[in-house]
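A single structure is presented below for examination.
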Amino acid sequence: MIDKTLRTCDEAVEKVFDGASIMFGGFGDPGLPGQLIEALRRKGVRNLSVIHNGAGAGDWALGGLIKDGRVRKVTASFPNNPGAIYFQELYLKGQIELELVPQGTLAERIRAAGSGIGGFFTPTSAGTDLGKGKETRVIDGREYVFEKPLHADFAMIRAHKGDRLGNLQFRKAMRNFNIAMAMAGGVTLAEVDELVPVGGIDPEDVHAPGIFVDKVVHCPRHPKLVEIGPPK
Amino acid sequence: MIDKTLRTCDEAVEKVFDGASIMFGGFGDPGLPGQLIEALRRKGVRNLSVIHNGAGAGDWALGGLIKDGRVRKVTASFPNNPGAIYFQELYLKGQIELELVPQGTLAERIRAAGSGIGGFFTPTSAGTDLGKGKETRVIDGREYVFEKPLHADFAMIRAHKGDRLGNLQFRKAMRNFNIAMAMAGGVTLAEVDELVPVGGIDPEDVHAPGIFVDKVVHCPRHPKLVEIGPPK
Amino acid sequence: MKLTRDGVAYRVACDLPDGSYVNLGIGIPTLVSSYLSPEKEIMFHSENGILGMGPIAAPGTEDVDLINAGKQYVTMLPGGSFFDHPMSFAMVRGGHITHTVLGALEVAANGDLANWRTPGEKVPGVGGAMDLAFGIKNVWVTTTHVTNKGKPKILKACTLPLTAPHCVKRIYTDMALIDVTPEGLLLREVAPGIEVADVLANTDAPLKVAKDCQAMAIPENIRGVALAAA
Amino acid sequence: MKLTRDGVAYRVACDLPDGSYVNLGIGIPTLVSSYLSPEKEIMFHSENGILGMGPIAAPGTEDVDLINAGKQYVTMLPGGSFFDHPMSFAMVRGGHITHTVLGALEVAANGDLANWRTPGEKVPGVGGAMDLAFGIKNVWVTTTHVTNKGKPKILKACTLPLTAPHCVKRIYTDMALIDVTPEGLLLREVAPGIEVADVLANTDAPLKVAKDCQAMAIPENIRGVALAAA
């Protein structure tokens, strides 16, 4: 029998190791695996390489992980989001590395990693500073930049519903990077609002099939939301 | 106001021209735009270049279009499906061209075309007859083949529900190539089981957002199913 | 008199065609949706996986899972849809979104756009700006005509890092409406009360004046306050 | 005595681990799902966008929108999901499907597989065969040990066009179970009543015999009828 559920986020992050690369899903709060990241803070692993759209907000979740000095490198599209105060402080001191990737390229590189694609050509960034030093190619009269897949040892995401097979359903703007990250993560951990029995998600409504997901933790919404105020 | 609905398949195919490239969705019967293809037969355009997983079944829909001598070239993964009798006859006489593409590569090339990707590297076919003559590259120790996006002047698909904005919802195994083809088609035509008012498809259940779809025709199931017997 | 931010947004809103699919950047572009004719049906896209986005959520009605790319709580209009980032950027990169309205730090005569790295900014961030500028056919820019130090922002060539080369099709400023054409910049409209000579004096790039160049039709009630330069 | 098709399928079914994600090819592989221990939970994948596929639909219960890759009406098990072709092949190419069981025309000592072009076939077709063979870690092959003319199908090198090089990990025939190892082919089991010498005589490729080589444990009731060679 397949049973991917775990009782706590602390159990879920147990195998994360020093130096690991980790994708964190979410865009703003929707889909952010804040409680898995807080468990990671408690665990205290170091030297992490993190892939996320931003670079944390305030001192909770990714912001806190960076504040704690656990992160060696951030791969992001928008690390200058106003709340990313700890990243910005460390970056200006030269104490954290940044790989800046346009948001659409970031999403596509993650999808490529999860899809067995060895690399792809995108027009985005050709002829700009972010395209500098990259292989370019003119295809059917247009200039493209070569981009490689972005893999990670772990992916951590948040979904609305999950079952013991790892099937996940999102809600509204929660999907964002999370399906692609589930596909790309060597080990994919999901925290979910609701744990439902097998069959509790209609096959039409499974956004991330369980094949991509290794562990599921039931984890009600945390009152601490990041970047945006509390829900009304 | 956006209104993409048309009353008949004949109106929908009106702008298809001689020599056009056309993607036909579907895998077996689910998602096959049989009635649009029958309208195309009635219209009588010639010299078509067709992209589809197979090469038609029997003398209805794509099989009929090929039987009528309207198709110059087929791009497919499985044109030797047992029902593709007219394709096979013409192919053996040298009267129809074939581009044979592995099924996963076919799907990914179509998605690339719809996604603005200039090309990608896939492991599939490296070192085989189907990879011969193609650019190869070793990436992280593995050999990949370069594949280009597959565009078409038109895409024709079938969905379960549609609205006047072009939003489409599929049912069970109907999705197959249809979402990617909707994205890749220069003009995308959809026949649907049910036409629903705007809002009649929950935003969570829109599989092909209307932005990818140009025309929607309400078109109840045709009693003539291809490849597989009639529904029970 | 120079247009207000709302004045610029109003002028842009007049030009968005019925049935267009539009991504609005942060700042003036966000205001555009407030000035659309109710006769037009326009689908707004947000990079984080939304098409058919409605206005900002009224206080007390916010849904914590429904934010726009600027991380404001928003609403959905009937006929909208949710999807993930790869599909969202397939819409952008694949040329399906018909229009984007973006802010600008500099625009060049050839349509080059610089809007992602401000001078002196120490931590870089690009977000979806490049994908929008590269992928979307109609890149329209809204900006003050000059910086807050009075320097032209429409230049012979950009000095700041480019967002994308040759991408801008039209420029809406608080002084003028300028088309980017294969033959160079073409002044098509001036703000009410602004002289063509004022526009030329405040533009660094060569600027042809259209034969039918005219004053913008902007209602009195949204003309008043001068734009604060970005 | 050589195994029946069902015998081969039974032997494969014994080896599929609990929790595996499996794509079954057409022919003998299709039979595998009938012989799984009810204690194992295995998710079956179909290229046309199904995970968690159940058995063939009983007559009268068919759903016209629910077919497998072989275009038979099928059913869904609880916990299944539907998706489109790009995601379906992301599962395959991306290495997420853990096992595929495929038919073979020829298998070489180095794991090369030929199963997509039959000799004399005039209209080629590949379907998803190459994607499966390239993408999935555990490519298991089921085949008659020899052709219907008695010629070995396990060869020093394939003579037919390859589906994928170096992909096969294990070979299940009506005579033997053979592992493809970095050191070459290793005979691990023989069908009940088949001698090791028979297997060696009918195999063209060099074949080492495992120290613990033994007879397969196949229940009497599915041993009987000889396999028809493909």
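By letter and in written order, the chains are A, B, C and D; residue numbering begins at 1 in each of them.
Going forward, a contact is a pair of C-beta atoms (placed from the backbone, for glycine too) under 8 Å apart; a residue touches a chain by one contact, two chains touch by 3 or more.
Computed from a prediction, not measured in an experiment: that's the story for all the values here.
Comparing chain pairs A-D and B-D by the number of C-beta pairs in contact, the larger count belongs to B-D. Chain centres here are Cα means. That of chain A falls 36 Å from that of chain D. Distance from the chain A centre to the chain C centre is 30 Å, each centre being the mean of its Cα atoms. Taking the mean of the C-alpha atoms as each chain's centre, chain C and chain D sit 57 Å apart. Looking at chain A, one finds that residues 108, 111, 115-117, 122-123, 171-172, 203-204 touch two or more other chains. Looking at chain D, residues 82-83, 86, 89, 92-93, 135 sit in touch with two or more other chains. Each chain pair that touches appears in this list: A-B, A-C, A-D, B-C, B-D.
Residues 18-19, 21, 39, 41, 43, 45, 51-52, 76, 78-83, 86-87, 89-97, 135 of chain D are the ones that touch chain A when the two sit in their complex. Those residues of chain A lying in contact with chain C across their complex are 27-30, 76-81, 84, 87-88, 91-92, 98, 100-108, 110-111, 122-130, 160, 170-180, 207, 221, 225, 227-228, 230-232.
Residues of chain A that touch chain B in their complex: 108, 112, 115-123, 137, 139-140, 142, 144, 148, 171-172, 203-205. Within the complex, the chain D residues that touch chain B are 46-50, 59-67, 69, 71-73, 82-86, 88-89, 92-93, 117, 121-131, 134-135, 161-165. Within the complex formed with chain C, the residues of chain B that make contact are 1-2, 111, 113-117, 163, 165, 167, 183, 198-199, 203-204, 206, 209-212.
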